[in-house]
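Two complexes are shown next, each including chain A; its partner changes from chain B in the first to chain C in the second.
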Partner chain A sequence: MLNKKICMVGAFAVGKTSLVKQFVEGIFDEKYHTTIGVKIDKKVIEKDSESNTVQLMIWDIEGVDVFTNLKPTYLRGSSGIILVVDGTRRKTLEPAEEIISIIKEHLGNIPIVLLINKSDLETSWQFQIEDTLTLGIADSNIFKTSAKNDNNVELAFERLVELISK
Partner chain B sequence: MLESKPDLKEQNDSGGEVEIPDKEYRRLRSLMLGQDYEAILTSRLENDNVYRVSSVLTEAFKKRNSEDDSLALEMSPVIESAIDESIKNHPERITNVIFPIIGPAVRKAVTRALADLMQSLNYVLQNSLSVKSLVWRIKAWRLGVSYAKYLLTQSIHYQVEQVFLIHRESGLLIQSVQAEGVSYQDPDLVSSMLSAISDFAKDSFEQEEARLETLQMGDLTILIEAGPHAVLALAIRGTLHADVQQVSTELIEALHSNFAKELRYFDGATEPLEPAIPMLQEALITREKAKKESKPWFAIIAVTLLLLVLGYYSYQNYLLQRSIEQAVVRVNQEPGYQVLSRNYQDDLLTLEVLRSAMSVPQNDLIDTLKPSKYEIVFNEKIASIDDPEIYLPYLSSKYQANLSVERGEQNKLIILGEITEDNLARLMQDSLANSVFSVEKSPKLIIKPSLSVQQKSRSDFVDLVQSINSQLYYFQVASAELTEESQNLLNQNITKIRRILDLQNQAETTIIQIGVFGFADPQGSRTTNIDLSQQRAKLIKSILLENEISDSLVISWGGGAIDMSSVPSQYQRRARIEILYELKGATSHAQ
Partner chain C sequence: MNNEIVVLKTILQQMGVAGFRLKDDGFFVPLFDLPEWFSQLYKNKFTVYPENDHYFLGVAFPFIENFLFDAEQVWSKVESDSLYSGLWTEELQDGTELYLEAEAINANGQAVLLFTNETTHFDVRHKVFQAARDLALKNEQLENTVQKHQRQLQQQLEGYCTQSTSFGELTKDIEKESSAVLICRQDGGVEVYNKALIDIYSLTNKFEMQKESLLEKWVKEAERIYPEIHRVLEVGEHWEGEFESTDNLNNKKWIRLMIAPIVDDQRNVVHYICIANDISESRISLSELERITQVDANTKLPNRRSFWTFLSDQIEQKRLVGGQLGLFYVDLDHFKQINDNLGPEQADFLLNTVATRLKRNLKKKDFVAHLGADEFAVITTDYRDNDCLKKIAERIVSGIYREVSFNEMTLNVSASVGIAIYPQHGNSARQVVKSADFAMYHAKEMGRNQYQLFGPNNITESIPKLHIEQGIRKAIKNQEFELVFQPQICIGEKDIYRAEALIRWNHPTLGTLKPNNFIPVAEESGLIIEIGRWVIDEACSALMLFSNNNLKVKIGINVSPKQFKFSNIANDIVEALSKYSVNPSQLELEVTESAFMEDMDDVIKQLQDVRKLGVSISLDDFGTGYSSLSYLKNLPADLLKIDRSFISELPDNKQSKTIVDSLINLAHELSIEVIAEGVENEQQLQYLKDLGCDYFQGYLFYYPLHSERLLELYQNLTKIDAS
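Let's turn to the complex of A and B:
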């Protein structure tokens, strides 16, 4: 079994913790909890053989805002990144760009999967996938997700596992 | 500058050598090569020199080094500069190289410093006086340790409950072990959280170079020991002691030394580091508070009592087994008896015996055995020679003889068979067999009952009566008290008398009277002697009656002193028993 560390990053209140909770426990909680520092969860992705099975240590890092910058120390040793933006808030794209530059600076060219979250509210979205082109992430690594409706959550995580297992 | 000596001879066309003047040779060379000559020459010489120097450099160093220290002196500034330069350019490399070396050195120095500190502390404490310190000092003295050491042991009590080996870069758990009976959260999560906490502390206090060394939660301490590629975290319950710190430091060094490659290139696969688990387990140490060593008296007493009880019962059992064995041997020795099996249960020894009809009755035999701790019961079968069911198969089996019964002359039983010499010898000595029949061997084994049952019984009866009638019992001087020997003889003969009584019917005889006659020596008056001789006869009569011999058969009579003066007086102080009987169908008696 392989142990891999991945990090959930993004602006505050984009739904990182909810996505992790949905992925790990299959639960969605309407209440909002701010993550301070980092919260860590574990999920084993079963594969055809024990040696290919991956245990993900998911570091859910506090959201970035004007007061809080992304702390690169938490990213150290990461094999992949899940970058989350909120489709209903266009301004969550700005910190995403900044986050990508920090990742590239400290971790180099590691796999990043972009999640445009809250697809259950897609009618209220303030931007579309095309608007994320500036982030430089391949289309195949971008997912519209909903932690609330469990839409594409597992698919997105599995895509990251696929990328880091290469 | 070095210059090769030009060859001043050249060959002419005919092969002979022609002398060329040195000056002209130089001129010719100058014309042909011009200014390039010097450069080519220099280059060639330099190349040759590099080649020659490199080939002898090591040997030259070695030789010079053996001669004096000048080489070391000359080179030391160069090496110092090189190290300076290397550290400036690649500090991690030097750190990784010296990490396993410098750790033990530092530790040794610190241990020494602590030992010195201990000595100083000891000195100070020895000079401080209080009631408590006095008590502790006495205790330390009793335990044979220094006072300072005793004080430390008072506060030491810890257990390393869990050990985590964590990848330094990613915070991923590489391996973990935990003490028995300890349960924690998921070690993967714990290890990641420890890394996160450490990162958080670094970020929060902007201490990039510093590292978190301990975390304290109640009586649980997390000791964190970082190496270049991995971090060791020990969860310690109780007081954090220098021993644990030393163990953790040594362990992280050993892990980096033994698994350098695996740790450096850790990619999340934990299997290659599974061999590190035994090393981690060694760090799960426990130290109890020093306890006063005392002898476990309760345990000693309990074990001793147990051993005594076991010993007593074993000895009793041994005595019992020996007693049973002796009883069986005794029964087997009795003519006409053969023990077939034995069973001991609830203080009752049951013997399956084969008995000849003319042997001593079982009750008499039991009386002679006199076991004190258990009862004996005979489950007897009469060994009748014409009983093909019991005795014959028994004999066949015991002596491995194929026996069969035939009727001989006068309708007597004859048993025929074949037997080995050894078994024949054993059969000849068989008391039971001999009491029943006689054995002949011509040419085959022939076993003939020597007498009929009635004849045998009568023969035995007569023999016994004659034996009794011929015995005398002697007394002490002027006393109706038997001598010790006579007392024993009487005891034996009482058994015989009882057997005689039993044999009466089989032998077709009737006992008419058992007379006991007492006598005295001539000392004293005649009346006294008659009186004494009567007392002696009555004594024996009373003993017979006590042994269930019918009063209606026994008479006693005292004759006083009747012997000739030539009879020694000790023989005159006697009594005898006389049994009178008659044969059925004839009038006769024996004495």
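Let's turn to the complex of A and C:
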């Protein structure tokens, strides 16, 4: 079994922890509980053979805001990144751009999957996929997700596993 | 030594810390018995108990595995250093979450890794961040609403501007609009505006509105954070943003502004439509946050409100079930100077450092609060007797008393601590706090950087400020002040006697008051100028008395920094010297480091003027404030007076020894003589003599004496010398 570290990054309150909770435990909590520091969860992605099976170490990293910057040391040893933005908050795109540049600086061309979260509120979205062009992420690696409705969550994680297993 | 190690281990254990040492073979071994929470957590990761006490910390904790890369850097350094990992979460088997932080320490070459369980304080920290982020989300929503409204309004106004040639109807339409509207020409000339604009900028009439181009003002204000604004507007593009603006009454406000240029057929800008909203309230207010969370936003400690709630609850509980509690009132020494001179950012940094030091030196169960400014409080219910409280106070004082490094300077920070006990020193929360405050004040009186347990004497030494201020005004007129003189001793031969003049206030009802009881109030109220003049006059009068008795005496007088700022000290001295026909070389000014903080060049110039008269200058309380060594060479000083706080710790305290040693050497290199104040025992004297200290002052020799008594003493000494 392969062990792979992946990091959940993004602005505060975009739903990183909810996405992990949905993916790992299949649970969603409506209430917003802000994360402080780091929480590491594990999830095994079964494959056709034991040798292809991957155990993800998911680092849920505190969101970026005026008080908190992303610590590059937390990214060390990552095989892939899940960058999350909130479709209902255009402002979450700005930190996403900064985060991308930190990732590029410290990890080079590592696989990144972009999750535009809160697709259950898509009618209130403040931006569209086209607005994320500046982040330089291929369309095939961008997912509209909802931790609440479990929309595309597993698909997005599996896409990252696919990218890091290549 | 072994005993000290045992004590240290016990403290770390009580603090719930798991400590490891990295051995040469790459294994971590515990430094002392591991706390239960750690053993449980480790067992959760490895079912087998570690053999030979070898712990696989990197394997057990992926977070630590990552942190070890950074820790290695610290451990490989030559000098001692440390690094924090940041907070991370672990789960026990029953699902309980633990919030942990690791610290890699290079302790004189030993690689140490400490695990601290922050779970107890996590709630408080979490509450702050949760509240801050909830507020930020709400603010974002509000700003979005404003933005949407501004855009709709802009479209309406644009439509109007392109279709109409006059603004007659529009003026009426926008009058009641909640957003401020200004339509102006390219040169800023006002065409249309509404009441909301007048309100936001506190303008009283149209004339005020027109005398300055608001557009120009906005652009200037916005370009601090949006340097592109000029370019955007010049090319006739639409601009929007948020920035800090100042209204007509000089109040700061956060403004969300949208500027839309209206262009003609040739793409020339003919109007600007400006829409502004005051969004100050939607910005996160720190005070608001503190109110909601009951946590100090800077230090993240419980704030004053939270402290009162906790103390009252605890006292209520003790009242019902019995028991006692100890309250420590902690006040930083000289904080006002730091705040005034270094600025609020550095002051916040200092408070944060102190908060960390406080927490580190106390048990998890102890309640630590930041009451505001330089005041902290600690409540403990977990102690056996008063000796335990004293030990805790010692830990607080010595834990804080270390250097704090800023960008360009190093500062010695110290605190005075007052201890009061419920129910012994008060039956209510208010009374216990009052008692602790009295005791703290007493600790300040005793020379700072120490603790005092509340005692009945504390009360008489703390007098209401207003009472003092009113009294000072009468005191000079009623001749209630007097000078006493403490001799300064020279080991060896000198042809002149020396003494420091100290002011006392013979208060009609309160008895004799020492300077600490009234000088701070006098400084605050400005009365110090008058007192300062009186001291100069009185000292010269005493010098005349000594001269008339054929005694060569030099008297040092204390000068307040305010005297340099608000009076002409050289003139005051010249007048007094001439009035009493005193030789200027018999007078010395004692100036504290703080005098140089506000306008160093001006104070130096004034001191040079004084020195030209023949009066010598002594630097008082040296070493307590800023790291002054770098500018010592620039100061016009003849004598350097080492603060009593260093002397009191001689010869046992290594840090004080190093400071005193360095100060004496440096001063002598610069041909400045040195005096040690607060010399109270033979060991201190011997140590200072060995270092070549020039003068000594303290109770070991003489208490302060009245001028007649001093005259008598010098006359007797002269007789002895002669015989």
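The rule is short, and it goes like this: the second predicted complex is superposed on the first by the 166 of 166 C-alpha atoms of A that agree within 3 Å, B and C clash if a C-alpha of one lies under 4 Å from a C-alpha of the other, contacts with A are read in each partner's own complex, and residues count from 1 in each chain.
Just so we're on the same page, contacts are C-beta pairs under 8 Å (C-beta built on N, C-alpha and C of every residue); 3 or more make two chains touch, one makes a residue touch a chain.
What you see is a predicted model, and the numbers here were worked out from it, not measured in a lab.
By the touch criterion stated above, A:Gln55 is placed in contact with chain B alone, chain C being left untouched. In the superposed model, A:Ser140 lies in contact with neither chain B nor chain C.
Of the two partner chains, neither chain B nor chain C is touched by A:Gln128. In the superposition on chain A, A:Asn149 makes contact with neither chain B nor chain C. Once the two complexes are overlaid on the shared chain, A:Met1 sits against chain B while remaining clear of chain C. Once the two complexes are laid over each other on the shared chain, residue contacts for A:Val38 go to chain B and to chain C alike. Once the two complexes are laid over each other on the shared chain, residue contacts for A:Tyr74 go to chain B and to chain C alike. Overlap of the chain B and chain C contact sets on chain A: residues 5, 37-38, 40, 57, 71, 73-74, 76-77.
Residues of chain B that touch chain A in their complex: 167-173, 186, 188-189, 192-193, 196, 199-200, 202-203, 267-270. Listing the residues of chain A that touch chain C in their complex gives 5, 12-13, 32-34, 36-40, 57, 63, 65-67, 71, 73-74, 76-77, 89, 91, 126.
Chain A contributes residues 1-5, 37-38, 40-42, 54-55, 57, 59, 71, 73-74, 76-79 to its touches with chain B in the complex. Note for the complex: chain C touches chain A at residues 62-63, 66-67, 69-70, 86-89, 99, 101, 122, 125-126, 129-130, 132-134, 136-137, 140, 144.
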